[in-house]
Each structure stands twice: as structure tokens, then as C-alpha cells.
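Common to both upcoming complexes is subunit A, partnered first by subunit B, then by subunit C.
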Partner chain A sequence: MAGNEQQPQNQAVKHRHRTEGPQKHVVVFILSIVLTAIAFAAVAAGDVNPVFTIILLLVMAVIQVFVQMGYWMHLKDKGHLMPIIFMIGGFFVASTAIVMAIYWVWW
Partner chain B sequence: MAQAQAQGHVHGDHHHSVKRYTGIMDWLTTVDHKKIGILYLLAGGFFFGIGGIEAILIRLQLIKPMNNFVSAQVFNELITMHGTTMIFLGVMPIIFALMNAVIPLQIGARDVAFPFLNSLGFWTFLFGGILLNLSWVMGGAPDAGWTAYTPLSSEYSNSHGVDFYTIGLQIAGLGTLIGGINFLVTIITMRAPGMSYMRMPMFTWASFITSAMILFAFPAITVGLVLLSFDRILGANFFDVAAGGNPVLWQHIFWIFGHPEVYILILPAFGIISEVIPTFARKRLFGYSSMVFATILIAFLGFMVWAHHMFTTGLGPVANALFSIATMLIAVPTGIKIFNWLFTMWGGQITFTSSNLFAIGFIPTFVMGGVTGVMLASAPADYQYHDTYFVVAHFHYVIVGGLVFGLLSGLHYWWPKMFGRMLSEPIGKWTFWTFCIGFHLTFFVQHFLGLLGMQRRIVSYLPHQNFDTMNLISTIGALLMGVGILLFLYNIVVTSMKPMNAAADAWEDGRTLEWSIPSPPPEYNFKQTPLVRGIDAFWKEKMAGNKAMTPAEPVGSIHMPSPSILPFVMSLGLFIAGLGFMFSREDFSNSFMSFIFNNYLVLIIGLMITFGAMITRSLIDDPGYHIEPEEQEEEVRA
Partner chain C sequence: MTSAHAEHVNGELPHEPEKATLEGRNKTLGFWLFLGGEAVLFGTLFATFLALRNSNNDGPTAAELFSLPITAIATAILLVSSLTSVFAIQAMHRHNLQSLKTWLIVTVVLGLGFLGLEIYEFYEYVVHESFGLTTSAFSSAFYTLVGFHGAHVAFGVVWISLLIAQLYRKGLTVVTAPKVYVSAMYWHFIDVVWVFIFSVVYLLGKVG
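== the complex of A and B ==
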């Protein structure tokens, strides 16, 4: 790890993480698989209204992103404020560019 | 991870043997942020000189009506390369030079977070810059303007010029992105104990925000350059209307990058001014927290105003109005900064050193550029100003009057810290006055040239349009600016012959941590990491009657990253691959040349060199080495 003053803090985070981790991670792991399974099932069912399928897929995807970011990328833990700020910033800038491209260039 | 680290609990063997190079190999392999800062300064200064010569040639062509000093084609190449070189290869690296030289010292760190990446960032920038400038001797420089608008750049520019632009900037941009990420991580994780975010010096804050902007803005230009080079070299159709592409897309992508880029340029200058003015007014910076807030706000708004470069493209009245208002909003945080600097000087004991002259000269000059900026932000009026010399005057007021004044101020200010020698004050003052007067002579009249209707980027103009005298004045001013820069170079030469005797606190009123350590600092910067007890940490200690910072750790062995040639090799590989890609569709008369280029062999060899170096780096552990307390003593005595 880097920083001099951050070291004790980071160790504390790691330490707490070790004690409370496993059970939660199993739950989250199952949740991730269930979310994926729902998405596959919705497509495999076939005769569902496609609009419904697409919306369901998007909802599953959004939940999946938050689960993955929060638990596997540890963004829910303390000391991850900067990564969160920068991810939101990047999301903001990228979505501005995408909206621009769709709205002005190809609409 | 190879990084400078506090000692105290280092396990295992302290005596990793490490090869320490001398002479040229030392500079090629260094990962020391102070040496990389000097390399950035040398390379940036070199390209700044090339860009300056191009500027002088442009002004000589425009000295009188219907002049034929250079041909129209060469003129287009000159204006394109002047803009591109100055922004990407001149001032950005000099900004990185100061960031490298100063930031680890200001936050009390022993190096940046990723010293190896720091070196890689420098070498990719340098090789990208060399590639771009090789265009002059390899069949013609880029000629589509520094903005490289399509379809001019994609369909109507037939030489390899724009290929040099896309590939060269791509490689150089990689270096900038690497540098930006490195400084983000450094500032987030490596501050000395006690240095909270709101105790960071203003230059560190400005560089932090700048690095964040680099992180978000540079991917846009990366994508844009990929699309443009694919259009040109591989026959893609992103910007080709006939095939369903859209040339305006390039303008959007370019300015989504380009507008944040101009704030990437100016924010570090704001940071430098915020260091220099308090030091020489012997007063704490007025409104520190509002300065921080204003910097963040400028960065945020900077991402939402790009379309003000495109008012005349036909976005419609609603979009134009929104972007107008967003642009004018930026004047508010910028105004906060201007008033904060004025209030910092108010009632201070001001000493007019050459560094401070540049800082004080910066304020009115930058305000003038800001005012014309607000004028340009008004969409209806912009239809009148667009692509005239009014725009040229505006952006030179903010970039030269803002950034270059800031950089010269910072260079005079931190020179003793970087090189251990004080620059000559009398020559410094001559530099300021010639440069400042030359600058205003050059660009003030260009406002009126623009309002009278002189377009930018034209190679010549007809007589009797009231352009003649003002163009003559402008050229004389440009020559005077050249004299100013030559005086600065003369100052450097004279200074480098003097003994290396600058004091640690070279200006005697230093406020931040870099002034608490010797000039130039030892390899490891801080023998003991300092404890920061407030904003302007060193000043606070001095006011409390202490001569030095309170250490936050005992004296111990210091872990250092080992030097490496790999960043140089990786960048060289990218350089070769870039040339290979650029000429892959070229018809060579020589059959050997066509064989190696048209079969992508050169491209593949270049990439193999780069990836080979990356694999080497991954497989061979770099344990670094330690500097023991006894060696630290020896170094101090030496």
C-alpha cells in the first residue's frame, strides 16, 4: 500500500473485512448467480413480450452492477470514497458524450 | 509496488544490490520524480522553442499585405504545428515538469506513487512529440489546423501530415494520461501525516483537479484520434457523409476533450499564482477554501461548455443558449479567484521579485482574456467573432497571458528548488518586461484586427483594409516576446555557471513543505517524513519559532525504487509501431521497404518490443533498494 498515514487505516479496513466477509460474500455470490439466471430464463422463455424482457434485463443488469461494485469491488467499504467519486465523475462525462452523440449527431 | 515508503517495519534483506547508472544512462533510466521533472522541462522547453520559431515565421509572413515569405501550404503547416506543438508538446510538459518537481515535496512524500509509470509517461510523451515533428522532414507536416476538423483532415489533406498528427498525439497523449493518473494516486495516498485535503497547498490542489480532468478528458481525444486515423489509413467512414458518417461528430469529440484541455492548461497556472502571491506578500492566501471550491467548480463546468466552440455549426438556438449560459457561469468561480489574489496582496508586504512580477502581471492580463471569453460566450455575437483574429487574441490572452506567465512565474519561483541556484533577478525583470510588453503588442491589436474582419488562418491579406499597421505592430511584438524568451535562456546559462548555493528556504518566506528541505533536495526528499500541523505547514512551524518541521517518524533506512530502461524501450516500441502503422498503405519505390511496411512487419516489430518490455517488467521483480541512515549522513556532508 502507498501512503504513510494511510497505512494503519487501510490495515484496519482489511482486518474488519476479514472478520465479517465470508457469510455475506456467499449470499452475494448466490445473488449474482440468481440475477444472471433470471436474465437467461427471461430470454429462454421466448414467448414473453420482448419489451418486458428488455426492461427486465436492464433492471437485472443495474442491480448486478451495484452488487458487483459494492461487494466485489469493495466500494461499500470505508476508504473507497475517492474511487466512488471518480467513477461517478467518469460516468457523468461519458454519459454526456453519449447523449450528445445520439441527440445531435445521429438523431 | 516499487515506491518510496516509510521505514520501520521493513522485513527481510535491506541490501538488494541495484545498479546505479551515471551520465546519460542515469537520465534514460531514472525514476526519480525530480530528474523526470527536469527531463520534462528540457523536452518541453525544446518543443516550446520549436513552437515559438513557428510563431515567429507566421508573424513574419503576416508582417505586410500580400507577403510571400512562405507558401500557403507551408503556412498551413506552420499554424497547425504551432498550435499542436505549443499545447501538447510545449506547455503541457512544462506543467508536468513543475508538477513532478514540486508536488511530492509539497505533500511531504519521497516520490510519486508509481515512479516507473512516471518515467514511462515522460518517454511516451517525448517519442510522440518526436514522431509528430519528424513530419517536417518526412513529406510534410499536418496542415488541417490544430483542431484537425473533418472533412478537411480526413478527405482533403493528402500528405501524411495528419497521420503524423493522429499517431504522434496518440502516443504523446498516452504519456499525459499516465502522468495524470499517477498524480491522482500520489496526492490521494501519499500525503504526509496531518496533511488533510483542506491543508494541501493550492498548487497541489490545482494539480489534483487538473489530473482528474486529464483522466476524464483524454479518453475522448484518444477515441477521436483512433476514429480519424482509421478513416485515413484503414478506409473507415466515421466522418464520411457519403458513407453514412458525420463530420460534425469529430468537432464534438474534439471539443469534449478540447475544452477541458484548456482548463487543464490554466488550472495549474492558477495554482502557481496562488503559491507565488502569498509568498511574496508574506500573507496567507485569502479565501483558501473558496479557492478550492472555485477550482472544482471550474473543472466541473469545464466539461459542460464544449459546444461554445461550435455555435456556428448550427446546433439550434436552444443548445446555443444553454451553452452560452454555462460558459458565462465559469466567469463566476474565476472571478472569485481573481478577487482572492487581489485580497491576498491587500495589506501584504509585497516584494517585486521577477517571479512575483509574472504573477502580478498575470492578473490583469488573464482578466482581459476572461472578458473576451465572456464576449465570445454570447452566441449571437460569436457569429461575428467566429474564426476571426478576435478569437486568436482571446485564446492567446488566456494561454500566453495566463498559462505562460504562470509557468514563467513558477519556473523563477521553483528554480532554486529544482537546480539549487537562484536565477538572476535583474535579467528576470528584463525577461518580464520584454515578454509582457511584447505580448500585449502582439495580441492586443489582434482584437481589433478581428473586429475589422481579418480571418484566422489566412496566409495573406489585401492592402488598404486597415490591417497593415496593426499586423506590423503584432509582428514587432512577437519578436519582442522572442527576445524575452532568449533573455530567460540567457539567465539560465548565466545561472548555471554560478555555484550551487541556494538556501533551503530560498525566498526566506517559503510557506509550504518544499522549502523545509535542501535545494535541491536529496534523492529521498525527506530524511524523516514531516508532521503537518496546519495549512502552510512550514510557515506555521516558523511562526511557532521552530527552525524545521517536526518529524513524524524516526530516522531509518529509506526504500527507493530502482532505475529502469524499460519505459524508454516501451516508448521506442510504440514509436516504431506508429511509423509502421502510418506507412502501411504507402506505395514505396523500394521493394524491401514495401515488403516490411505493407505487410505490417514494422508495426508488429514495434508492438513486440513494447509488449516484450511489458512482459519483462511483469516477470522480473523489482525489489528496489534501501538508503541506510549512514549513507544519508554521507550525502548531507557531501
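== the complex of A and C ==
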């Protein structure tokens, strides 16, 4: 921890941390807009097969959520194992509730 | 982390100030646990809605009520606000306090725009369509799910506004940075929940 030790360390840090640009996030934003537009267009078109439309809506939503959580919430970055476990746990319980509620009421 | 620590000792803010202290890192980790719980909360509300969405009790149906243009505008507003909060965090990593505050203000304004649109939508339903909270099982499930999301947006608007005020008073430090980072995560999560709401509630409602 001597003073002359810290100087080169700081410079190394500055070189290593190049600030990331906005490009990646703008790409995620445009992708989100496109996925949303596909979902809206499928519904606005009207006379598409309803089962196909429902599957399309769910697929578009899941892709968009994965991309946004991966890039905007940094889940794809290093050191996010516990957050991923927390979120998978949350989604697991949530999907159990959804499957059971639909099962009980409709069948 | 030792290098980030050394920077801080020299009175210089580290590159990612939200990760510089153990308290900051724990705050982020704890917030993820909270978001996992939020996923369960919204999951059960979605489950209720999906089970009851066709029980309209002779009241208005989803296909009669919902308007695609209003949903599209609300979606666009929330999606842009998610991008502006990404820009806020990038400004924070560049240590650009002015830019950070500006992007957070833009995010709050967009959040208010979304809330205004939702209040207008609910007002139209209640006053002109006779679609109140107790009209049908569908209406109760709809207002509970979408209203809970709206309440989250309102909470986020208040929270981020207070953080902006704190940034004006205290500036960007290793204490304020984790708060801003966590609030941006919350805002993204609200956007993620809205993706499911516009898909499952509004678009699916239009399909039938």
C-alpha cells in the first residue's frame, strides 16, 4: 500500500475500463421495437389463426424479456449467478401459479 | 476490487461506483432477491387474470374495451423510458453528473406521461364504458393487475425524483451511485412486466 505502488495500478485501471458506448443498448431498443411491432401487427391484421397469434405473442414477449434482462439489467454479465437463480426461482413459482390457475378454472 | 478501492482512497470515483463498496454490491444482490419476489407477485396476478379474463358477467369484454393505438403509445413511452435509464447509468459510469441527472429527469417525465395515459384510459372505462372495479370478475382481475403495475410506475417516479434531488444535494459518490443503479434496475423490471401486460392483457384480449 505504499504510495508509489498505487500510481501504476490506477493507470492500469483507467486503461482497462473503457466506457461502453450506447450502440449495444440502442440495438436492444430497436430489437424491442421490432418484436413489439410484430406482436401488434399480428393482432391488428385480425384474420390470422388465433392459436398461431397467441403463440406468436408469447414468443415475442419472452424473447423481448430475455434480451432486456440480459443487456439492460446486465444478467448476461459476469458475476450474476445469484441474481439469475433468484429470477429463475421467481419465474418458476409464477409459472406454477399461472398453470394451476388456468388448469383449475378451465378444466 | 482492490484497484477500485485504491482509486477511492485517492479521492477518485471508481469506474463503476455502484460496485465499489460491499454495501453497494449487497444492495444490488438484495434487490435481485426482491425482484424475484416481485416476479411471483405479478405471476399470481397474471394467473388470476388469465383464469378470469372471459368472465365478463354481461359487462364489456376485452375486445370491446381495448384500443390498440393507446396501448401502442403506452408501450412506446415505457420502452423509451427504459432506454433513457440505460443512458443515465452510462452517464454515471462516465462520471458525468449533469448528463446523469438529465437522463433521470427524462425518465421521470416519460413515467408521468405513461401514468397520465393510464389514468385517462381507466377514466374512459369507468365513466363511458361502465367498466368499474366490481363490474365482473374480468374487470376486477384487470384493474388489480394493470393497476398494480401502474402503482409500481408511480412509486418508481417518486423514488427516482427523490434520487434526483439527492444527486443535486450530494453529487455522485459511492453512496449515491448504488441507489441510482438499483432504481434503474427497478425501472427496467417495470418495463419487463409491461411487455407481458401488453401481450397477455391487451393483445390477447383483442384476439379473444
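Just so it is clear, the second predicted complex is superposed on the first by the 72 of 107 C-alpha atoms of A that agree within 3 Å, B and C clash if a C-alpha of one lies under 4 Å from a C-alpha of the other, contacts with A are read in each partner's own complex, and residues count from 1 in each chain.
Here, contacts are C-beta pairs under 8 Å (C-beta built on N, C-alpha and C of every residue); 3 or more make two chains touch, one makes a residue touch a chain.
Everything quoted here is computed from the prediction, not taken from an experiment.
In the superposed model, A:104 lies in contact with both subunit B and subunit C. Contacts of A:89 after superposition: both subunit B and subunit C are touched.
Contacts of A:36 after superposition on the shared chain: subunit C is touched, whereas subunit B is not. Touched residues of subunit A, counted separately for subunit B and subunit C, are more numerous for C. Comparing which residues of subunit A touch subunit B with which touch subunit C, the overlap comprises 6, 82, 86, 89-90, 93, 97, 100-101, 104-106. Across the interface of their complex, subunit C is touched by residues 6, 9-10, 12-13, 17, 19-20, 22, 25-26, 29, 32-33, 36, 39-40, 42-44, 50, 53-54, 57-58, 60-61, 64-65, 68-69, 72-73, 82-83, 86-87, 89-91, 93-95, 97-98, 100-102, 104-106 of subunit A.
Interface residues of subunit B, counted against subunit A in their complex, comprise 1, 3, 5-6, 113, 184-185, 188-194, 212, 215-217, 220, 246, 248-249, 252-253, 256, 303-304, 315, 319, 529, 552-553. If you check the complex, the residues on subunit A that touch subunit B are 1-7, 82, 86, 89-90, 92-93, 96-97, 100-101, 104-106.
Only residues 3-4, 6-7, 9-10, 12, 14-16, 29, 32-33, 35-40, 42-44, 46-48, 50-52, 68, 71-72, 75-76, 79-80, 82-83, 86-87, 90, 93-94, 185, 188-189, 191-192, 195-196, 198-200, 203-204, 206-208 of subunit C touch subunit A when the two sit together in their complex.
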